[in-house]
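Questions regarding the structure given below will be posed in turn.
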Amino acid sequence: MYSEKVMDHFTNPRNMGSMENPDGKAQVGNPTCGDIMEIAIKVEENKIKDIRFKTFGCGAAVATSSMVTEMAKGKTLEEAEQLTNKTVAEALDGLPPVKMHCSNLAADALHKAIQDYREKQTKKG
Amino acid sequence: MYSEKVMDHFTNPRNMGSMENPDGKAQVGNPTCGDIMEIAIKVEENKIKDIRFKTFGCGAAVATSSMVTEMAKGKTLEEAEQLTNKTVAEALDGLPPVKMHCSNLAADALHKAIQDYREKQTKKG
Amino acid sequence: MKRVYMDNGATTRTHPEVLQAMEPYFLETYGNPSSVHNFGREALKGVEEAREQVQKLINAHDPQEIIFTSGGTESDNLAIIGFAMANRKKGKHIITSAVEHHGVLHTCEYLEKELGFSVTYLPVDKFGLVNVEEFQKTIGEDTILATIMMGNNEIGTIQPIKELAEVAREQGVVFHTDAVQAVGNMPVDVQDLGVDMLALSAHKFHGPKGVGALYVRKGVKLHPHMHGGAQEKKRRGSTHNTTGIIGLGKAAELARDNLSEKVEKVTKLRDKLIKGIEENIEEIVFNGHPEQRLPGNVNFCFRYIEGESLLLSLDLEGIAASSGSACTSGSLDPSHVLLATGLSHEVAHGSLRLTLSYFNEEEEVDYVIEKLPGIIDKLRQMSPLYQSKS
Amino acid sequence: MKRVYMDNGATTRTHPEVLQAMEPYFLETYGNPSSVHNFGREALKGVEEAREQVQKLINAHDPQEIIFTSGGTESDNLAIIGFAMANRKKGKHIITSAVEHHGVLHTCEYLEKELGFSVTYLPVDKFGLVNVEEFQKTIGEDTILATIMMGNNEIGTIQPIKELAEVAREQGVVFHTDAVQAVGNMPVDVQDLGVDMLALSAHKFHGPKGVGALYVRKGVKLHPHMHGGAQEKKRRGSTHNTTGIIGLGKAAELARDNLSEKVEKVTKLRDKLIKGIEENIEEIVFNGHPEQRLPGNVNFCFRYIEGESLLLSLDLEGIAASSGSACTSGSLDPSHVLLATGLSHEVAHGSLRLTLSYFNEEEEVDYVIEKLPGIIDKLRQMSPLYQSKS
């Protein structure tokens, strides 16, 4: 069903956990539909210095969360904003068709976290 | 499907063949429904001295024809008239349910042959 | 790696003796049982022996009350569509429950949506039980058929079939029960239950997949669901699946052997597993009825986690289980059964079903009890819902 | 006793390699292919490989166009009822032929009698062929579906499917063909034929009984016939018959191996048998088309005798054959196929079908040619119809 990469990220999720005092943070999904992803970032010099996720969801949800954090880490915010759910799925060697619709929210969570960071900066500014 | 007795009578039919100058003769059934039985008898002192059948039909039709000739031979006409399709089937250790309706005409053929004999006697008389 | 199979509610391992019984019918007695010749007659003999074995397993009055089918789903379709279409001039109302298997539920929905029938879906209580009085009240002039399952495939709850069937009989309503989970795994007696029709499936009790049967009490009139040849006394067309039928017959015979001892063994394992989970893991919901329950069924929801992740994690430890999670089925909503018992979507997503057979051993139960708490903990550590509570 | 099996049109011996391929799925890879765990995933892999093997056998464009079923009858029921019910708003007229298998014929009759459809049963000529122009004329505004078989199971006649399907396509009518006798026994290419749906059954080409498939071209919409779980992309509920499906896949693979050589071998045996019968027995009627014919099918009527007696007599010599005789089916009328080709009841009752596969050998054909004349003579001697002519 799942590719080896999906199972690798599911079994050994990268950057999993919570973060103290994140610079940006967001949650997408809701428990009714069975998927929630939370992403927190630390930003330094316009780059994602650190990133953490937590996920309630199926194997695909966990793996996409893990993968998106790995892909985003070290990138500039603009680069990170270029990541899409599709590129994340591709980096995992694809997802089963039934999983494309619901569990594939990780890039959305990342973008929202960046947005949160920007809004906070604006307020600070 | 068929009992051993049915198969025995089918494989080695008793009294099969035609008869020269029978005292009584009858045919029942028709080719459309797939079963025709012909029975011919010789009568002496009110007893069935000889009997022959020919049959177009399935295994049950052949076996019941053979059996009825065996049962009738040597009997008085009145005794022979007591034979029914049911007693013939029972003597064969039964027939499959689907065969009870159509192939079980042998006693009818016998009765008609006796009737034919009686009619001829009346005419002669 | 250790491999522990606890998904017997989904399907079971074919018993080696079942396969052994089937084998000659592939290579030697391969004739069509409808054929006149020896190859066919020998095959027919096997089929009719199997029919008697199934008859005995459920204590039917006559082997001719057994119709062989391709499985539980076809049996349910035949019972429901076959009966409804043949009797639609008497009425067009059908009663079922909200917790039926999709083989019943989607069939009823089809009759409703496409064929002009009306269907009542009886609700259940928190244990998953339908209410006999409520059932009685739902029966109207137009009601021709009730179809209520015996043992629930997800939460294991056993419905009061005898009482329900009695009510139906008094009101002149024909009663079908989907006993796919029950037959072969606990005593089932169609005469004692008083049902008119009953569906069973071989692969739920160590028989082969792709074969089942429908019990139809003498006198109950149905249309076929497989329109074709004159097989099964014109009630189910298609060349007999001889090997499957022989396998079903053998599985039925084996199931009857020491049934009560096997039920006792499985029930004991089940209760140990339930206790082990309850004692070692917090914030869980026990699903189904504590006593009126299939011998092999264990079902819990673990808060803050999602079922498919749980299954994958268990699988990595060699444990095969299932879940009513939406993500295992590719749909968005979790199990209609868990929702019907009153659980929220969020909790229902985190369900785990472990289903035992007499092939399971106590050390396997111990292994699951040993591994499960760590897995639950790891997944909760990953869950944003859990964090927000702690 | 010598045993010669010449009833391959009824069913075939399972190929030993097919059984071998199935075995691990009974005892080891016994999981439910819908399950998440390893037991399930491995089973699913096998099912999907089998789907590709079937796809290749009939040259479908995409494996997802294959739906696994319980056999030829279910495939026909699914194609006809499933399509008719899903498209009944577009029209309610269906065209079929008078010589279809009961899996098609009784299904069409059901739609006619119970569900308000109208059905045209195209007549056939003395060879059993439908007429393409007549087919074209029968298509009307209200016509949604045509279902015409590829190879006739009794008399072996092969219909001009490509021409018929082309006419249907031009008129916007969906075309189904029951190719149960053809697939695996001769080249069948759904893309070349241009059909929208095609039914096949494993046990007609050395696969197991109780499993088949329906090819449904992408874009053709059907209702399921088995209402239940989400299997087969929601087109056929019920737990996958893993072992059966693996067997079908393997049989499909084996069928493709040297297909043309096998067809050549069987055709040669067939023609030798036909010649041997024609040269040694008088007052016979050759049934079916001499060239447009299934490779393994031989069918004659022997005047003055009845088919079941003939089968029993052959069986006593170890020869397994079949007949369109009424007495083999428990009905009163002989084969609707033989009657449709214009034979009288009387002659039709005396039919014999000998059907070969590549498992048959020339010496078996010789044996039948040696035994048959004596048997025919013995039965004719017993027949009151024969006497009256001589």
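Note that the chains take the letters A, B, C and D in the order they are written out, and that residue 1 is the start of every chain.
The rule is short, and it goes like this: a contact is a pair of C-beta atoms (placed from the backbone, for glycine too) under 8 Å apart; a residue touches a chain by one contact, two chains touch by 3 or more.
What you are looking at is a predicted structure, and each value in this text was computed from that prediction instead of being measured.
A.B. asks: Of the other chains, whose C-alpha centre is the longest way from the centre of subunit B?
C.D. replies: Relative to subunit B, the chain whose C-alpha centre sits farthest away is A.
A.B. asks: Go ahead and note the Å separation of the Cα centroids belonging to subunit A and subunit B.
C.D. replies: 91
A.B. asks: Distance-wise, how many Å sit between the C-alpha centres of subunit A and subunit D, to the nearest whole number?
C.D. replies: Here subunit A and subunit D have centroids separated by 55 Å.
A.B. asks: At what distance in angstrom does the C-alpha mean of subunit C lie from that of subunit A?
C.D. replies: 40
A.B. asks: Can you list every residue of subunit C that touches 2 or more other chains, as numbers and ranges?
C.D. replies: Residues 36, 308, 312, 328, 330 of subunit C touch two or more partner chains.
A.B. asks: Hey, how would you classify the chain contact layout here, line, ring, star, complete or other?
C.D. replies: The chain contacts form none of line, ring, star or complete graph.
A.B. asks: Please list, in label order, each pair of chains that touches.
C.D. replies: Every touching chain pair, ordered by label, is A-C, A-D, B-C, B-D, C-D.
A.B. asks: Name, in rising order, each residue of subunit A that touches subunit C in their complex.
C.D. replies: Touching subunit C: residues 2, 7, 10-11, 13, 16-18, 27, 31-38, 54-62, 98-99, 102-103 of subunit A.
A.B. asks: Sort out for me which residues of subunit C touch subunit B in the complex.
C.D. replies: Contact set of subunit C toward subunit B: 36, 41, 44.
A.B. asks: Residues of subunit B touching subunit C in their complex?
C.D. replies: For subunit B paired with subunit C, touching residues are 1.
A.B. asks: Help me check something: in the complex, which residues belonging to subunit C touch subunit D?
C.D. replies: These residues of subunit C touch subunit D: 3, 5, 7, 10-14, 16, 18-19, 23, 26-27, 30-32, 34-40, 70-74, 76-77, 81, 85, 101-103, 106-107, 109-110, 114, 201, 203, 208-211, 223, 225-230, 237-244, 308, 311-312, 314-315, 318-323, 328-331.
A.B. asks: How about subunit D: which of its residues touch subunit B in the complex?
C.D. replies: Those in contact with subunit B are residues 304-309, 312, 316, 325-328, 330, 332, 334, 344-346, 349, 381-385, 387.
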